[in-house]
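One chain, subunit A, appears in both complexes that follow, with subunit B as partner in the first and subunit C in the second.
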Partner chain A sequence: MAGVLLNSVGKTYAGNIRAVSDISFAVPDGGFCVLVGPSGCGKSTLLRMIAGLETITDGEISIGGRVVNQVEPMHRDIAMVFQNYALYPHMSVYDNMAYGLRNRKTPEPEIATRVAEAARILELEPFLKRRPKQLSGGQRQRVAMGRAIVRKPQVFLFDEPLSNLDAKLRGQMRVEIKTLQRQLGVTSVYVTHDQLEAMTLADMLVVMNRGRIEQIGEPLYLYENPATIFVAGFIGAPPMNMIPLAPATGVPAGILGAETLPVPPTGAILGIRPEHLHLDRGETALGDRLRLELKIDAVEAVGAETYFYGHLGSTGPRLVVREAGRGSASPHGIRAFTADRTQIHLFDKVSGNRIEL
Partner chain B sequence: MVENRPFAAILSHVILIIGVVIIAFPVYVAFVASTTDPTTISNGQLSLIPDHHLIENYAKVLFEGTERSTKQPMIVPLMNSFIMAMIIACGKIFISLLSAFAIVYFRFPFRNTAFWVIFLTLMLPVEVRIYPTYKIVADLHMLDTYAGLTIPLIASATATLLFRQFFMTVPDELIEASKIDGAGPWKFFIDTLLPLSMTSIAAMFVIQFIYGWNQYLWPLLITTRDDMQTIVIGIQKMLTVTDALTEWQLAMATTILAMLPPVIVVVAMQRLFVRGLTETEK
Partner chain C sequence: MEKRAVFSHKLLPYALLAPQLLVTIVFFYWPAAQAVYQSFLIQDAFGISTEFVWFENYQMLFSEPAYYGALLTTALFSTAVTVLSLSLALILAVEADKNLTGAGLYKTLLIWPYAVAPAVAGVLWLFMFQPSLGMIGRSLHAFGFNWNPYLNSGDAFTLITAAAVWKQISYNFLFFLAGLQSIPKSLIEAAAIDGAGSTRRFWTIVFPLLSPTAFYLLTVNIVYVFFDTFGIIHAVTRGGPAGATTTLVYKVFSDGQAGGDLGGSAAQSVILMLIVIALTAVQFRFIERKVTY
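Entry: the complex of A and B
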């Protein structure tokens, strides 16, 4: 077992195209680190650099205290699970899992034991003699996991392993991956663009955008304290409501209690998560709260919760409210919502950085 | 067809049957001719029912040869043709697999140039470069040898292109998975790429075997000794006799014999062959 350390890592492709720059973070031994960001943010490139499939043009990557910049993938003691599984189509499930071990000259009885163990953990025992083609998507996914497990590597690398599965299976596999990683205690780096996957799997979340790190931290810390507008908008579903505030034009119509917010002269963005807005019960004292009036134009009741969609002050930005329970709003008309001052976020409009309240 | 229209079914069958008859009838006549005695053919009284000289004619052609023209037992050129076709087919596949592997998976200077040079040779079949090729083979003292017969025909742009196309459809993740699994390029080639290319290899083998078997001009130039001749040339030589009748029944028997190996190769590899040209296994 070993941690992974990245020290101002960068990648520049031919033609001076920068894919990632100045990435530094440390995944502790046994930790589960998730790299998340929109497509093209460099997260896969970074993972492939850790795997040794891409060269490192700047900085250093070390695995278990050893700098691996010049080390071939097979000697880095890593295992990787690919998005399309990359199973060898002409080999049986058993051979797929055994191949890496055979190449490392592991004795055949040892291979048999390890594959049997992996098959037991992943419930693949009935399929060992089958070809990948004869398996369902979820089973192929398990074989890909098995191929990683049998090697007993220092680090697992996952490259969007669940994005080819349907929603139901994805949820199920997500739980399985998490359980498995806990059980085996192997340091893992996981790439995804799905913020839900990222939130649920990670011990440590690295949010990336345009080849740079936006914020690193525990998932819930990032949820509660997003450092930038990007992180605020990326984490959480439905995304955080963003209300532009400009000192010149004053507070937008329909919002009460925002006058005291420290809006810089260049303007700010007020962010409120849909779940932090609540129907105004008609209390007269506003106290430590903001009051927002929305012209509702749609209501979605999904049972456990109800979503209200509407425009702030009837012509302002479009906002979403998530209210627990079945809600009672008539679809149309103007409704008032309140938000606790401790749960709102303020960002600098120009730099996008968080302004502490 | 999805529709079930009896008239269309009958019509398409009639057309198909006519096509088959047009193709198969000459072959059948050749077969019938190979089972008769010389007088029947020279009298022009060939019937459409096979005669009973079949074993006699084939045995004679294989082990004794004609009486009036070459007088060579045809088993020798049959073997020569077989060896030549096998060397050409296997050699082409071997060389093309390696060159396609190099072109697709390795980054080296002038990689694209190498590809285009190979591509250009498509426009230079043996017939076009026959004089320089002959000169080289003669200077290397390879006339009347299997090497001389086969080596100039082995380099193949067609097969290289086909394998290149196939390799490019193999997902990159497979190579990456191999790298992580500790397989070097050579191991990846043998353990993964070759098994995946099996159907393409089979298709190439069929095509190239027939190509090698049917060679005419090159063996005609390069071989002078009777024991190095190929079957196609053997047939041609059987027909030229002076002041006598061609032994048609023997020539026809040779023709039928010459047709058999390609037919056997096609039939034996048909399933792989069709899959290789139509689907890719991934």
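Entry: the complex of A and C
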């Protein structure tokens, strides 16, 4: 078992194209690290650099205390699960899982034991003689996992392994991956663009954007304390409401209580998560709260909660409110909502960085 | 899942098939039937009288030592050309599939020989290897090799083999390259992570996945060697010296066209046809089983 350490890692492609820059983080032994970001943010490139499939042009990557910059993928003691599973189509499920062990000259009885063990864990026993073509998407996904676990590597690498599955199966496999990783205790690095997958799987979340790290931390810490506008907008669904505040023009119409916010001269963005806005029950004292008036254009009741969509002060930015239980509002009417001051976020409009309140 | 078109009109499917069927019947079944019929006839030298003789042409053929010579030559020639052109094309394709500088030019140049007609290819090779005029022929003499495809049957065989291989490599190369490019890169990467070195990756992953292509090419190459190499042989050696490069198809031509033995020639082409049908059937029956699609 081993941790993974990245020390100011960068990648420049021919033609001076920077894919990733200045990436440093440490995944502790047995940790589950998720790299998340929009497509093109460099997360897959970074994972492939850890695997040894891409060269490292700057910095150092170590696995288990050994610098692996110049080490071939086969000698890094890692296993990778690919987005398209990359199963060998001409081999049976058994041979797919045994391939890596055979290459390493593991004795056949040992291979049989390990494959049987993996097949039992992944419930693949009835399919060992089949070809990948004869399996469903979920079963192929399991074979890809099985191929990784029979090797007992120091590190698992996952490259968007669930993105080819339908939504229901994805949810199910997500839980299975998490359980399996806990059970085996193998250090894992997982790449996804799906923030829900990222939030639920990670012990440690690395949010990336344009080849750089935006923020690193535990998923809920990031949810509650986003360091930048990007993280605030990327983590959480529906996304955080963003209201531009300019000092010159004053507070936009429809907000009460925002005058005392420390807005810098260049402007700020006020962020409020949809679940932190609540229907105004008509309290007279505003106290430590902001009051927002929305011109409602849609109400969605989904049972356990109700979503209100509307424009701030009738012409301002569009906001979403998630209210627990059932609320009512007639479309086109004006409704007031309140938000607790301790639950709002403020960001510098120019740098995008968080302003502590 | 199978998709089927359903035609409401009964005659329409036949009408749509008609052009293809017509071409096949006129250019394949008709001549083939003619050949079978012709092989039962003996004509006199002036073409005045024709006699129906059943299998006499075949009997004569199998009592002729030259025919067995042509069979052996064909077997050697087809084996040499198929093995060489397939393996060389595979090596070239594997190299071209790597990220080389100038890979595009390299690929284009490799494809050109396919556009050369067999007879022209033969003439080009003859020009180069002609013992007294050809550049390479003269060089070989300068280096002390007694090279002469006009007199030495081994030299003649080597020359037509080289020309036939050169011509066929392009075609095989194209298919192998396409086959290589259709193998997902992640499979190779997965194998690399799974601890397979590049040689082992080739034999355990790449080659098995290329086997459908290789199988198809094997069939096409054998048919090529049996029939299409006629142009090369005719241009370079005319079946000589002393029949050393007379393959079955060349003997059909020389006996029938030059020797005037139409019945015997027809009998030979019927046998040739049966050999190719048998070879193809064997390939599909036994080799295809080991091929993974």
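Keep in mind that, in the parts below, the second predicted complex is superposed on the first by the 357 of 357 C-alpha atoms of A that agree within 3 Å, B and C clash if a C-alpha of one lies under 4 Å from a C-alpha of the other, contacts with A are read in each partner's own complex, and residues count from 1 in each chain.
The working rule: a contact is a pair of C-beta atoms (placed from the backbone, for glycine too) under 8 Å apart; a residue touches a chain by one contact, two chains touch by 3 or more.
It should be emphasised that the depicted structure is a prediction, and the values quoted were computed from it without experimental measurement.
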Exercise for the section: Kindly say whether there is room for both subunit B and subunit C on subunit A in the superposition, answering fit or clash. Expected result: clash
Practice task
Identify the partner contact of A:51: answer first if only subunit B is touched, second if only subunit C is, both if each is, neither if none is.
Solution key: both
Exercise for the section: For A:172, select first, second, both or neither according to whether it touches subunit B, subunit C, the two together, or no partner. Expected result: neither
Practice task
Quick one: classify A:12 as touching subunit B (first), subunit C (second), both or neither.
Solution key: neither
Practice task
Residue by residue on subunit A, keep only those touching subunit B in one complex and subunit C in the other, then list them.
Solution key: 51-53, 72-74, 78-80, 82-84, 86, 88-90, 99-100, 103-104, 147
Handout entry: Contact set on subunit B toward subunit A in their complex
Key = 171, 173-174, 176-177, 179-183, 187, 191-192, 195-196, 281-282
Handout entry: Of all residues in subunit A, those that touch subunit B in their complex
Key = 48, 51-53, 72-74, 78-80, 82-90, 99-100, 103-104, 147
Practice task
Provide the residue numbers of subunit A that touch subunit C in the complex, in ascending order.
Solution key: 51-53, 72-74, 78-80, 82-84, 86, 88-90, 99-100, 103-104, 147, 151
Exercise for the section: Write out the stretch or stretches of subunit C touching subunit A in their complex. Expected result: 184, 186-187, 189-197, 200, 204-205, 208-209, 292
